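Pasting a structure here, questions to come.
Labels for the chains are A, B, C and D, by order of writing; each one numbers its residues from 1.
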Amino acid sequence: MSSIPASAFLALALILFCIGLYGALTKRNTVIVLISIELMLNAVNINLVTFSKYGINPSIDGQIFALFAMAVAAAEAAVGLAILMALYRNKKTVHIDEMNEMKN
Amino acid sequence: MNLHSILSILVFSPLLGIIVLAIIPKAQEKAIKAVGFLATLPALLLSLAVYAHFLAGKNLSDFSVSVPWIQFRGINVQEPIFSVYYELGINGFQLLMVVLTSVISTLAAIGACKFIKKEWKGYFMLFLLLVTGMLGVFTAENLILFFIFFEVTLIPTFFLIGKWGYFEKEKAAYSFLIYNGLGSAVLLIVIMVLFAKTGTTNIEMLKQMVADPQLFKGGFKLGLFIALLVAFGVKLPIFPLHSWMLRVHVQAPPSVVMIHSGILLKIGAYGLIRFGMGIFPQQFEKLATLIAILGVINLLYGAFLAFIQTDFKMVLAYSSISHMGIVLIGLAAMNEAGIQGAIFQAVSHGLISALLFFLVGVLYERTDTSLIENLGGLAKGMPLAAGFLLAGAMASLGLPGMSGFVSEFMAFLGLFKVQPWIAAVGTIGIIMTAAYLLRAVLGMTYGKAHREFDGVLDLRGVELVPVFVLMALIVLIGVYPSVLSSPLQATLETIMLGLGG
Amino acid sequence: MSLETFSQLNWSIMTPEFLILGVIAILILMDLFMPKTLDRKILGWIGIAATFAALVSTASMIGGPVQSILHDTFRIDSFALAFKLLILVGGALVLFLAVSYEPKDGVERYQAEFYYLLMTAMLGAMVMTSSGDLITLFIGLELLSISSYILAGIRKFHGQSNESAMKYVVNGSISSAIVLFGMSYVYGLTGTTNLLEMASQLAALADSNHVYLLTLAFLMIVVGLAFKLAAAPFHMWAPDVYQGAATPVTAFLSVVSKIAGFVIVIRILLTVFGFAATKGQDSIPILYDMQNYLAVIAGATMIIGNVVALRQSDIKRMFAYSSIAHAGYLLVALTSLTTNMFQSIWFYLLAYLLMNLGAFAIIQVVTEKAGSTKIADFAGLYRRAPVLAVAMGILLVSLAGFPGTAGFIGKLNIFIGAFYAEPGHYVLASIMIATTVVSYFYYFSVMTQMFFRPAEDESKFNIPFGILVVLIIAVVGSVLLGVMPNIAFDFMQNNMDVIGDFFK
Amino acid sequence: MENAWLIPLFPLLSFMILLLIGKRLREASAYVGILLTLASLVFSILVLFERFSEPSYLAKFNWLTIGDLHLTAGFEVNQLNALMLFIVSLVSFLVHTYSKGYMHGDERFHIFYAYLGLFTFAMLGLVISPNILQTYIFWELVGVGSFLLIGFYYYKEEAKAAAKKAFIMTRIGDVGLLIGMILLFWQTKSFEYSEIFNAVEAGGVSNTMITLTAILIFIGAVGKSGQFPLHTWLPDAMEGPTPVSALIHAATMVAAGVYLVAALFPLFTASKTALLTVATIGGITAIFAASIGLVQTDIKRVLAYSTVSQLGYMMLALGSAGYVAGVFHLMTHAFFKALLFLAAGSVIHAVHTQNIEEMGGLWKKLKLTAPLFLIGTLAISGVPGLSGFFSKDEILVAAWEGGHPVLFLLALIAAFMTAFYMFRLFFMVFTGEKRGKQKDVHESPSVMTMPMVLLGILAVVAGYVNTPWFGSFLGDWLVDGNPALGHSHIEGPAWIMIAATVVSLAGILLAYLIYGKRSIAPDWLSGKGDMLHTVLNNKYYIDEFYKLTVVAFVTGFSYLLRFIDVFLVEGIVKGVTGIVQGLGRTGSKMQSGQVQTYGAVAFLGLAVLVVIYALTGGYLR
């Protein structure tokens, strides 16, 4: 494991984050958008765990933080999906670009 | 009574009227009007009492009051740094403005009883708030208090214009609000910069601290002064910041224009003298030529444009611009004559324009028009109104024996000493003033009547009160200018001291 | 840590949080077991009572020493107390609005949820004020956020409400991710999540790569948190969400949520980046180095908020932009970084809380009556309900920053800071003043409607008790703080040593 | 003399009484006015006689304090002032009396008297002012009195226009006076006449400055006294009631310009250029106005142009250093011109027209008016033995001795013309056949004729106070104690007197031949020089010239400014608000409702900040 440098993990996290961000900002389907957001949050987790192991001052805090972040991400996803369902009931669509009743 | 509390009572007495008005039912028109009028009286009587106090040779500083009010904490622990006092005071110049304000307010209240046709309750409540604001502006001894009262005048005026004005009232109200808002925004910047740098806003203390080259660099002060010039230039108004004022003069109800043209515009002059000249004397001196030129531009610009207007209100509006040019001319002279002329002009124009706008209000009420063309031959139907209109115009064009002359004369006397060429150009304005005023007033009163004036009533009853009082004051100042100049001498000395001359 | 030491910790400093938490639990249970037919309003009143109790217990801690438990993850210092007070006051007032809220589209059933979700959101904000650790800060933030997401969508049969909630979730999650990403770098460079430890670690930072990374983290955190403040560039969700959410929720978002946002921004920025050196020990901290970026954000926020507000015809959208603009004003105070920053931000938030909640109280009454949220619905309000109109007038004047009101004093405070700083932030302050003037336009357009225009129908209003309470507190508070701001200043000065406590 | 300050106050009192209760007094208002001006007259006479035996008197008090400057007000009685007091109050009293008959039946009778009172007050105040500032104040006030009275028939468009024109044209001059006065003040630190003269004498003022201020002050006099080129208002001013023309536009106010130059004479003598300017303008005006007078057909306009011309004479005198001559002519002119106007008024009163071509043959019907008119005509024509002869002679001598042969020649020609057009007027009105519609022509009541008689006597005898034959009593008295005013009497060659007599008789003869005997056709002149006649008839197109230049410029400039006001000033404002609104619109449009856009914008913002940070050296630092 130690052969893999920390920067690789960081790069992976950054790439994941960017993919997530890209997905969140471009996908039409709200479910995919929510998943993309999860991707971003997971990228953060990779970062945290990496730093926890390879950081300047490695400590357990990062892993704890990651656990909390996961829990929060789960809650967020749950709420997001719940809201999406309510929305779907009213609008019969999950396409995020059709949610433009309010604008300007 | 404790003399120190007099100014506070003077300033806040109109608020009492608001409270009383709040409990009077809407429908009681007479009671509302009576209260609205009576509520202006305490201020009038007190201000006259203060004047009498002065005449008796006693010290005006007897009235100053200073109580700690706000401490802006966190910047510095040392007292009294960054604390704002509730401090009111009065000197000769302020005294004049206060008396002017209270007189015109009372008369405008009478005017309002005649001209306002709906919702008197709201009108008088706002009106009284406005009066408090104006009185506060002229008695505030520090910049923040000044600014607070200054802004307090904005909101009632906005509503008074917007609700009780003529056809384009809302537009006028908005342009009033935005221009003056911008002006006061600039003013606020100056005030806060001074406050932040010195920790005080007391005008006397600022005078000393700003003069300290350690605290302020010359260029920086110049910037601040220019900002101040712009801020009060909007109010005065100085070309090209004037267009809001035209709209207000045309659209606002006459009783509001009496106040607006009579007093609110004078806040600009007051501010320039008290703060511009008081706090930044060197910078004022540096820009004196520019100010003189601006003054002449104002004078001529207003005069020439007034010459081709078809609506008498517009003539008066442009004439206000023109006359405020004389204030600038006087100030730019930077000598006693000029400054005194400017102050005289402020007071004098206050009275004259209040008179003229009151008459316009009467005319409009009777004939539903203020177009010069439609009013031709008015002297037949309304000889008294026509006569006073002519007298007012004469006062306005600087006829000796009336207040306008003394002010104009002193302003030019002052400027001719330092800038004879600019002043000489400015004198064209004197001719033009006569030309446009006579064109307009004679167009309205003389000549063949274009319409029947049957059933059109002349001035009568209570309407004569404002007209007579204003005319009497105009003539009094014209004949015996010492009523104004004697309180001013001490103030002038201080200003001249600041100017280093 | 043994259970014994765990129980011996000074838990009393968490009394307000426990109170709120306990009552939330009770409310949930009561809601569960109360007959469906019973009016849930009583639950709202219980919530209000709990909030007041929390308020009292918070107030009783004022003047005490700095205390912290759980390795400084939860701390009570003056900063925490001061802002917790604001949050509790704001939360209480929002609850007053909530109990007066008469939902129309079948949400009656969820009314109890409405109350305790508001309270959980409030709890999250409270936790944020007292956090000394990135993790607790983040948890508090998410507690607040997730509760708010649900609140925004609580009118579940209402399309706009769903839409607003969805937008809120998507944007909020993205912002969380960005903030977290930034935080992860900060953690990586320090190896700790405790803010004060981070500060001491970073005080001697000299490696330019690390500084660069940290600055990137700084930007990410700032931009991410801008979401909570509704500041540029993360402001665009606000109008849509504000418009769609129920009015008390909008009020909550615009006030309590914003206060919480400032709390977290100040905490992180000041403790971490205020110490993180750029070139080794005693060099200029990153925060000062990046002042101009904050200034740009503040300026952009003020301009966008005020200018776009001009075009609005929906009162709630307009207030959304107005709240963006106010966030900009507050950022000016933050940017100038003078010693009076805490006071000016605190005072301004207090003033903003009063005037904005008051305004929303009236908006709630008027929009409920009219069934729409158009500004034009305010036409002739002066005729229909003069008291409401005058109260709204005073609140609008305060929002616009006219003297005699708290809004004015708040702005003065900010100006003093901006000009006092060396070098002074003249441009930023000028933008602030200029955009304030722009704001006259839209605030006064409401006035125009209320006072100048004729009413469509002349029907009168009946003002619910809760609204009345909020209105009285808001109007009296706005005027009182405008005339005698020393009440608040002295309170801050005499009881709190914010700066002293902040880094203990 | 200590009480001389009361003199102006009587008419002021009359003004105020009549303004307040005149409406109730109706025609009894006249008695108020007459009695109070009589009081002024009595006091004036007393003061005049007192001044013969006592030195000048000066009293003043502080009027206005400006820092260290103390401007005073007060009154002074010296020779010139005393004389003017007498002239003004006398003419005013006579006109007050006369008007009772002339204005009988006018519904604004009391207003008329009130205005007369105001004017008289101002005029009397003007002549006792001890300083130039006070002079200026009253100077303007007489202007207003004149303005009000010209516009008395306010419902007539012509009266309105004339009043306006009078006010504005004189104000142009007044501004000159104002500037001159202020400049002088800063040179001498005083408005007091005596201190100004002392300063000028002591050489405290540079020559250029003296010339400049003197000419500026003279511009004021030009405006007031209807001198070329600001003369056009005076003929138009004849729209006012005729007594007004007699009082204001013949005897008193228009002479104020001459008075002003006389009062400031030491200043003018200190500058050759200034004096020459005065003389030249005077000379030009004299002949210029006289030539226009040749062809006028309105009885009052002929008299008006004659007034302008005579005022030019006075200016010529003063400009030729003939102080005494100027003042002397001022006095005699006041009498005979007032007489002429009152007589003309009497004629108009009788025939209800002012057009001399509709008159004729009135000699028999107006038994008293006609001879009095003749006396006036003879006096103005300079027929030996009458007052005008002596004063005009003095002027011609002064001009010749002053070294202005050209101006002398002009004056001589003007004298010829004067005699000609005055007798043309006389013959056309009083002799020959009856023309036009004359109905029930009868002599005016005695309240109108008595003042004329008194003036007639004065027109004959007033000249004898200063003659080459019986001693120059007036001259000696006027310059007594004031060497700066020049000689009391200028000796000139005797041929001048003869020439003057010949010229005036020639003028009379020619007029007789054309209009009396009709041995030369009336269109003899116009037939010969058609163009000249047209030019004269149109008053040299001066009015048209002004309309095309000054008025057009002012109006054009005003419209240009309006263009600026509407498009530039407002345009900038509109532009700024437009930009703000446009920003708002753009911002509002960007708010597309697409939640992903919102996130994208946020990310973009972050990216931009990062890029800026990177570019400004964050990474490479």
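One rule holds in what follows: contacts are C-beta pairs under 8 Å (C-beta built on N, C-alpha and C of every residue); 3 or more make two chains touch, one makes a residue touch a chain.
The structure displayed is predicted, hence computed values, not measured ones.
Visitor: Would you kindly say which chain has the C-alpha centre located farthest from the C-alpha centre of subunit C?
Guide: Max centre-to-centre separation from subunit C belongs to D.
Visitor: Of the chains shown, whose Cα mean is nearest the mean of all protein Cα atoms?
Guide: If we average C-alpha coordinates per chain, B lands closest to the whole-structure average.
Visitor: Nearest whole angstrom, what separates the Cα centre of subunit A from the Cα centre of subunit B?
Guide: Each chain reduced to its C-alpha mean, subunit A and subunit B end up 64 Å apart.
Visitor: Can you check how far apart subunit B and subunit D are, centre to centre, with Cα atoms defining each centre and the answer in Å?
Guide: The separation of the two C-alpha centroids amounts to 37 Å.
Visitor: Compute the distance, rounded to whole Å, between the mean C-alpha positions of subunit A and subunit C.
Guide: 25
Visitor: Distance from the CA centroid of subunit B to that of subunit C, rounded to the nearest Å?
Guide: That pair's centroid distance is 43 Å.
Visitor: Going by the contact rule already set, what residues in subunit A reach two or more other chains?
Guide: Correct list: 21, 24, 33, 96, 99, 101-104.
Visitor: Residues touching two or more other chains, restricted to subunit C: which are they?
Guide: Expected reply: 166-167, 170, 174, 178, 239-240, 311.
Visitor: Pairwise, which chains touch?
Guide: Chains touch in the following pairs: A-C, A-D, B-C, B-D, C-D.
Visitor: Please output the residues of subunit C touching subunit D within their complex, sorted ascending.
Guide: These residues of subunit C touch subunit D: 166-167, 170-171, 174-175, 178, 208, 212, 215-216, 219-220, 223, 226-227, 232-234, 236-237, 239-240, 293, 296, 303-304, 307-312, 438.
Visitor: Provide the residue numbers of subunit A that touch subunit D in the complex, in ascending order.
Guide: 21, 24-26, 33, 96-97, 99-104
Visitor: Under the stated contact criterion, what part of subunit D meets subunit B in this complex?
Guide: 62-69, 133, 136-138, 140-141, 144, 151, 154-157, 159-160, 163-164, 167-168, 171-172, 174-175, 178-179, 182-183, 185-186, 554-555, 557-559, 561-562, 565, 568-570, 572-573
Visitor: Under the definition above, what is the set of subunit C residues touching subunit B in their complex?
Guide: Contact set of subunit C toward subunit B: 338-344, 382, 397, 402-404, 408-409, 412-413, 415-420, 424, 426, 429-430, 433-434, 436-437, 440-441, 444, 447-448, 451-452, 485-486, 489-490, 492-493.
Visitor: Note which residues of subunit A are touching subunit C in the complex, please.
Guide: Going through subunit A, the ones touching subunit C are 13, 17, 20-21, 24, 30, 33-34, 37, 40-41, 43-44, 47-48, 50-51, 55-59, 61-62, 64-65, 68-69, 72, 75-76, 79-80, 82-84, 86-87, 89-91, 96, 99, 101-104.
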